[in-house]
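Alright, structures below, take your time with them.
Note that chain A is present in both complexes that follow, paired respectively with chain B and with chain C.
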Partner chain A sequence: MPNNTAIYGSQFWMQFQRKFVNWSLVRKILSMAIFILFWTILVQFIDYFHQIPTPKAVFLAIFELPVPVVLKNIGISFFRVLGGFFVGVLIGFPVGVAIGYSRILNHLIFPSFEMVRPIPPIAWIPLTVLFFINFESQAIFLTFYGAFFPIVYNTMGGISEVDICLPRAAMSFGVGKKLMLWKVILPAAMPQVFTGMKLAMGFAWILVVAAEMMSNKGGMGYYVWYNHAVMDYPHVVLAMGIIGLCGAICSVGVGVVGNYFTRWQRFV
Partner chain B sequence: MANAKQEALELVFKQPTFVSKVFSQKTILNTISVVSVFVVWALLVHFQVYRFSLLPSPAEVLEWGREWVTTKVFWIDTGMTTARVLVGVTAAYVIGIPLGLMIGWKKVFSDLSFPMLEILRPIPAPAYLPIAILLLPWQEASVAFIPFIDALFPVLLNTIIGVKLIDRDYFRAAQCLGSSPRQIFWHVVLPGALPSISSGCAIGMGIGWMGAVVGEMITGKWGLGYRIWESYILLRYPLIIDGMIAIGILGFASSKLIRYLTIRLVPWRKAITESLDESITK
Partner chain C sequence: MDNNSLEQNNEGRITIDHVSKVYDPEGANVRALNNCCAEVEPGEFLVLIGPSGCGKTTLLNAIAGFENITEGSIYLDEKIIASPDMNQSPGADRIVVFQNGALFPWKTVLENLIYGPMVQGKMFRDEAVAEVRRIMDKLGLSRSTEDLYPDSLSSGMKRQVEIIRALINNPKVLLLDEPFRALDSMTKSLMHEYLLEVYEITGKTIFFVTHDLEEAVFLADRVIIMTTRPGLIKAIIDVDIPRPRDFHVLATVQFMEFKDRAVKAVREEALKAFEAGDRELA
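Presenting the complex of A and B:
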């Protein structure tokens, strides 16, 4: 009997765990704690890392944060990122649809894209400075350029990889060309289009930070570089965190919009 | 009868001749596409539309480029940038691939390490620059740190996805046959994830070039990115475009090289993608 109760006891404990303890979540929280602990130990006890701010210093920096300045810089960066991103979507999406849908347009446009694409967007900075008059338009051009190719390539890929059975089925129901595009091909391509948009959002943030670091026209990249220049490292780390948060918010936003446009996936 | 059949087959599957290949619609349109970029650029500069009057024309770019290629500076710059990219991206491979394999394979390991990486991931690579300058005593290392960060996350995420996409039955079969975890790792996890790892490596290489240019433009003494920035400051505008072209060619070639090598190294890549397609269509 004692044996049995031990088994039942353990089964009860297992059921309890399964119902009330989410071990995965516990481990995730633990990983954060370990990360912060590791960081503290590294900075406190190893001389090599003594210049890196401790987690405590970063946390205390939150209270000294010049909130209006930071909010203004966040607003500036958001404006640039979203401006470039929306221009990228407005131009990149139709172009992607055109070269994914029509073979002649693909042959006519795609090689020139392939030629320009390997040039890293950052390398365009000097030319954009020459070409555009004010910094806003330069930054928006850069974010546009970074967002453009992921959107075009993924839209094109999404449309050319639509399962051939879907348009055939629609055709056999007598669907016309216009309806085919709007009701069959575009919805089927949407998941990959939004993958491209998420990538584009990431690139837009990288570019905006790089562009702002190289100039003094405000924005979160400038804020990081400014704090680096005045050697206020806790604020550098904090600003990095804020940029990461902004990027994550934008990415989640694209994901939410994407969920709306790919809602047919839930019924498949 | 046999002859007639052969004739019919020849009609249907007509082998393209050399002439029909060269003058096919595709090649003609592609040539128009590539040539028109240069023609439009030259015309815009020639007729000084808006601010195109400030930009150099294709002829100027070609002339300066020819001269630039013969100088020693060009080769040192190219070598430096390539070395930085290679160091950063190789470090990303060395750290990203094993980490990704473990995160994809073991749930416990994933829970313990992935949340932290998810927090670090959305921070753009240039924002790490101040920390890299603090952390690494040598300026070269802080420039190579940006391609490392840029390349790390594509490599890591592709590796994780590669492991997650392995058919669960392979694990079960290996376990049924009595393999140890170590054998499962070497014979199931690693080969199964390699196709996805190879595409992650190619993407990482492409993005690594972008990171190197950022690093060199902000902090650097040599390198193609620095040269572009210097030519902007010294008003040698054609050299800016030459530098852009050089980086573009190098980035494209290295990415293609990785893709080619990995396809050679992973001959079962095609079989796996085909079986994946089948399982999706089923």
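Presenting the complex of A and C:
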């Protein structure tokens, strides 16, 4: 009998691989390595891109980072993002519930939203100067505005798409009209509500960076723009990375809260 | 004192008296039900069958109190439960098991099961839990499912939970709206036997809507055949196959004969509906 295992290598090695080598992780790390390699090649060997900092330059910039300044700017941006986001939740969620639940309110409110929504939020920047004198309120208004529509639309969608059988079943059990929203509709809509909140957090970061680039009142957007002005590009890229990280942290935060409210879904 | 949820009783007569329903969205005037008369005896297993769109779900929803009717009246025992001048009034005395299931996905199986008594304030939590467990044991639902969320159950088990969730309310009638339609055929046949077992144990009146003929004949005491547009009752077949029934029934000549009769009646209707559809399109 020929020994088949000889063709594929020893059985010991195969079992060892299966047990101790996490191939999916290896592939994921490979993806990142290829990205950095691609970046390096682009910058090193194509003249056109020679002003763009190399990964190495960006890495070395970490050690020159003015940590207190950056931390302060991160704090400022976080304040604006979270401020706008929470105002967005506070106003957007009830509005979404109202226009998802009541047809009359939907007809009264939704069309005007549809008129405004296609305008990219960034286009509002000049007008905010008219609304608010103080930059802080301008920035918070913009992050609020970015967060508002994703929250409203997803809350509305989540509520209006609840399977009609659920409230019907609850009605048979004796749940009255007044409690229906609280006991049945809202819990059922939660997954989509949190989908909206995740999107909203992303938009809040986009808006805060744009707003900060327009002024000199600090924040990570300002920090990027400042380094651009002094032509310190490694720090520009580094600051971009930090902004990305902050956004990711916020998204994870929303995810954690969302998982708590939709914990029943994780068992699917 | 015995408020036993599985007590056999002779309640649960549904009287459907000249019921019509006209949908009138923007004056389209669609007649979904036309002068339906039927009576479901207490403790009877009645199956309503007809081609899709014939108004059978409309009738079930009217009995359940989810939709109002435009003419006639429906009684449950002596109580009027639907008439044109009544508001929709669902109640725990007639609970529906839905086609796609309506377990609350954010509640565990146990929380789902005790939902009715808790909402109605009929029992303390401990009592409700004890009662639920008693019924689970009796109807063969494993207690190990208690703390699971519905989405982690198999589709057959979800229906099982939903049937028990209905029964804990001690309803007078059980309304089933094509409850096994979405199941694969293996699970479906298991659920048929399960439902028959539940029926033997509880003796509840069951009003079952389907368009599956074999299912209808296998389960029913009587099969009511409905026609399409306007929905009216065309024929009633008494299925005199002795109970308790199990899957062996499916291979008997007697079963085939009943099925054949039902096929003929339904086929005529299906053809009519088919041709009518063509004409409407033309």
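Convention: the second predicted complex is superposed on the first by the 251 of 268 C-alpha atoms of A that agree within 3 Å, B and C clash if a C-alpha of one lies under 4 Å from a C-alpha of the other, contacts with A are read in each partner's own complex, and residues count from 1 in each chain.
Methods note: contacts are C-beta pairs under 8 Å (C-beta built on N, C-alpha and C of every residue); 3 or more make two chains touch, one makes a residue touch a chain.
Not measured: the values here are computed from a predicted model.
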Partner chain in contact with A:S251 - chain B first, chain C second, else both or neither: first
Touch count on chain A, higher of chain B and chain C: B
Partner chain in contact with A:L30 - chain B first, chain C second, else both or neither: first
Touching partner for A:G174 - first (chain B), second (chain C), both, neither: second
On chain A, positions contacted by chain B and by chain C: 163
Partner chain C, residues of chain A touching it in the complex: 163, 165-166, 168-175, 184, 187-188, 190, 262, 264-265, 267-268
For the chain B and chain A complex, residues of the former touching the latter: 25-26, 29-30, 32-34, 36-37, 51-52, 54-55, 107-108, 111-116, 119-131, 133-135, 150, 206, 209-210, 213-214, 217-218, 225, 228-229, 231-232, 237, 240-241, 243-245, 247-249, 251-252, 255, 281
Contact footprint of chain B on chain A as seen in their complex: 23-24, 27-28, 30-32, 34-35, 49, 51-52, 104, 107-112, 115-116, 118-127, 129-133, 163, 202, 205-206, 208-210, 213-214, 221, 224-225, 227-228, 233, 236-237, 239-241, 243-245, 247-248, 251
Chain A partner contacts - residues on chain C that touch it in the complex: 64-66, 90-92, 94-96, 98, 100-102, 104-108, 115-116, 119-120, 148-149, 151-152, 169
